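Heads up, the next two complexes both have subunit A, just with different partners, subunit B and then subunit C.
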Partner chain A sequence: MTDFAAFEPLAIDFTGAGDGRVRALALLLLTMADDEFVIGFSDSEWTGIGPILEEDVAISSLAQDELGHAQALYGLLTDTVADGRDADAWAYDRPPEGYLHARLLDHHRGDWAATIARRYLYDTADSARLEAVASSSHRPLAELVAKIRREERYHLMHVQTWIERLADAGGESRARLLAALEAMGPDAGTVLAPLPGEPSLLRHGIIAEPFATMEARWRDGVGATFRRLGLPDLPPTSDPAHARSGHSDAFRALHAELTMVRRSEVGATW
Partner chain B sequence: MTESTGGAPATPGVLEPWEVFRREKDGDPMRHGGSVMAPDATLALHYAREMFSRRQESVHLWVVRRGDIHDLADLDLLQPPLDRSFKKPGGYVMRDKLAAAREQSGQAKPKANKGTR
Partner chain C sequence: MVTLAPVSTEAVLAVLETVHDPEIPTVSIVDLGLVHDVRVDDGRITIELLPTFVACPALEVIRADVIATLGGLGRPVDVSFTFALPWTTDRLTEAGRSGLRRAGIAPPAAPADVLCPFCESRDIAMDSLFGPALCRSLFYCRACRQPFEAFKPI
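On to the complex of A and B.
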């Protein structure tokens, strides 16, 4: 399990955070928000270059949904940490190493098969996580997650449809999907790697079950789909202690781009 | 009479047009909204949802494969060769009769009755 110290670049002042509830909650919110933000921004790169016009609109819309979820989660984080930073500051004003998204999302969006593979692995894992916070004792989170899950249901249908088609199509489609799954497989479980504040999250009823339970449930579901489609089993998570740190060059490039406009005029009102 | 251009079998994985019908609000009929390209019904519904309902402009959606629509091939069948104007109410001029009735009942001529003849 990663120590809080690994997240120093965040510079959150948790003085007086008591038994760790606030600190653990903030870390959960930030990891969820960063996951949604990074995959949303990364998938938005398909806008204008989607495989067909209809899919271009669909993937752009899904990416926007994820950014909307990130915005709402950063909003909850803002209320929790209350250090004067607003949602935009959380989203745009951190150095690359200050982002806590899972290593799965450090992969470049790649080709269409890689985007679908990453979306599939992320959305299914995120779904297990959302289920575990659906009845959270932190009411604002439970209420937000109820709304997010309604949208994620469609996201899952969309990505399920696509992974089935790529797997069943054979030839180049299947070969590209297999290559993407091989590259990302060891990182897939990073979304559900235990967070440092897990005992506190459980004790306070912010999450309903340990991350290991979410991960087992997620692996059961993905395993059943993969067997049906004749895809190889997912490997165990590699280096789970660094599931959300030590980001890739692909993410640094993405970060440079997504902060570009914000950095161009510091403090401007858009 | 029943000759048509529809019913061509679908080829798996090949994009083809799907016609989208949508209901704008409860109680409205389904109306044609446009079309999307998709390889099958599932993706056609996904795309129809994105194109015709993401801004809450629909409460119900249908997709129909254009290839499954039977099109009346002989359009001449829609144009009667003889004068059938007696089937239409347009031949009955009501203006004078209405004016007389109004005068008799003492009612003013209603506003915005451009369509009255």
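On to the complex of A and C.
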């Protein structure tokens, strides 16, 4: 399967999971789930220390939504791969290098400006991806995404308001936003970097368009907002071949934290 | 051997009317629009529910409440959640909307159409799009000087 030659550096072996269609679908589901799981867990660190009470509540709600989306997507993955692993096993029982989230989410949540910059870049890119799977031939995915998109509308309203607020405020707010965008810009496009198995996803109607088309649509939208706010253009994606591998020390620390309870009592149930 | 009388889907629905949202005791899961499908086959009751929000933490409580309450019918009960149809706030019944008001929660509406659930004033302001639960926003009523929650339209 030449489609899947690039699976190896991803430390995931779906070769037992079925034909090319099933393996490509599994990889798509796992990447979407891992993206939502990592940003959800990372942003949940703001609970209790948000910059103002309303934002503490808001970011906690956003993080809870993302963790719920991750749980549902891991559930679809469980049905697809059917190797005995449940959603919790997918979420908690892999080594750090086994996670396939985009490099954008490898950044530490940083200060509030960095968290907002990352949420903005991720939510807008995720929105382009959700649009491309909304009419997926994989019915359970299309149905779940119909529900998720209704919730993500609130996420987009939130980040849109905040990116404008930080950019227009000038001074330290804008300086911190610019620093965050400079640090994360080259990694922003990793969310929509083509997956191995893309030809199979397209052939079987699991995604409606190539990742490059999603990325172009996303860059048009973000570009228009950034020009209006006088923010610099997003740079092209650096090293797209490793968009979802070779994770950072910040993610390794997050991984140690998020698996801590699970590791403390293997097999415990709640 | 005791033969149980047949159970109709109407009878099951009537029992479900008595199961309430664990956080909003004035609204039944039927009036909330959670019930997608009720089937009775060979004496087995199968219920499909629609989650309001994907990450709603009340889902497992609702599942347990449904199983416990339907237990009175003496039949095995299966409860599952489905995304076959996205739950939307349009599924709330009129009784559900008035139940929300009784709990101090404004029924879902566009922000400009939200009324204070306590004094029905329109002189209100949205404090935060996000509230203490995923399904709610925070408002303040200038007329009766009460903060209140409003169900998010979704």
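In this section, the second predicted complex is superposed on the first by the 251 of 270 C-alpha atoms of A that agree within 3 Å, B and C clash if a C-alpha of one lies under 4 Å from a C-alpha of the other, contacts with A are read in each partner's own complex, and residues count from 1 in each chain.
By definition in this document, a residue touches a chain if its C-beta (ideal position, glycine included) is under 8 Å from a C-beta of that chain, and two chains touch if they have at least 3 such contacts.
All of these numbers come straight from a predicted model, not from anything done at the bench.
Visitor: What does the overlay on subunit A give for subunit B and subunit C, a clash or a fit?
Guide: clash
Visitor: Report for A:A72: first if it touches subunit B alone, second if subunit C alone, otherwise both or neither.
Guide: Second partner only, subunit C.
Visitor: Output check: A:S61 vs subunit B and subunit C. Expected answer is one of first, second, both, neither. What do you get?
Guide: Both partners, subunit B and subunit C.
Visitor: Of the two partner chains, subunit B (first) and subunit C (second), which one does A:E45 touch, if any: first, second, both, or neither?
Guide: A:E45 contacts neither subunit B nor subunit C.
Visitor: By the touch definition at the top of the document, which applies to A:I148: first (subunit B), second (subunit C), both, or neither?
Guide: A:I148: touches subunit C, not subunit B.
Visitor: Is A:M157 touching the first partner subunit B, the second partner subunit C, both, or neither of them?
Guide: It touches subunit B and subunit C both.
Visitor: So, A:A169: does it touch subunit B (first), subunit C (second), both, or neither?
Guide: It touches subunit B, and subunit C stays clear.
Visitor: Could you tell me if A:D93 is touching subunit B, subunit C, both of them or neither one (first, second, both, neither)?
Guide: A:D93 contacts neither subunit B nor subunit C.
Visitor: Of subunit B and subunit C, which one touches more residues of subunit A?
Guide: C
Visitor: Classify the contacts of A:P140 with the two partner chains as first (subunit B alone), second (subunit C alone), both, or neither.
Guide: second
Visitor: Do subunit B and subunit C touch any of the same residues on subunit A, and if so, which?
Guide: After superposing on chain A, subunit A residues 54, 57-58, 61, 154, 157-158 contact both subunit B and subunit C.
Visitor: Where on subunit A is subunit C touching in the complex?
Guide: Within the complex, subunit A contacts subunit C at residues 54, 57-58, 60-62, 64-69, 71-72, 140, 143-144, 146-148, 150-151, 154, 157-158.
Visitor: Over in the complex, which subunit C residues touch subunit A? Could you list them?
Guide: Contact set of subunit C toward subunit A: 51, 53-57, 82-88, 127-132, 134, 138, 152, 154.
Visitor: What does subunit B use to touch subunit A in their complex?
Guide: Against subunit A, subunit B makes touches at 13, 15, 36-39, 42-43, 46-47, 49-51, 54.
Visitor: For subunit A, which residues count as touching subunit B in their complex?
Guide: 52-55, 57-58, 61, 154, 157-158, 161, 165, 169
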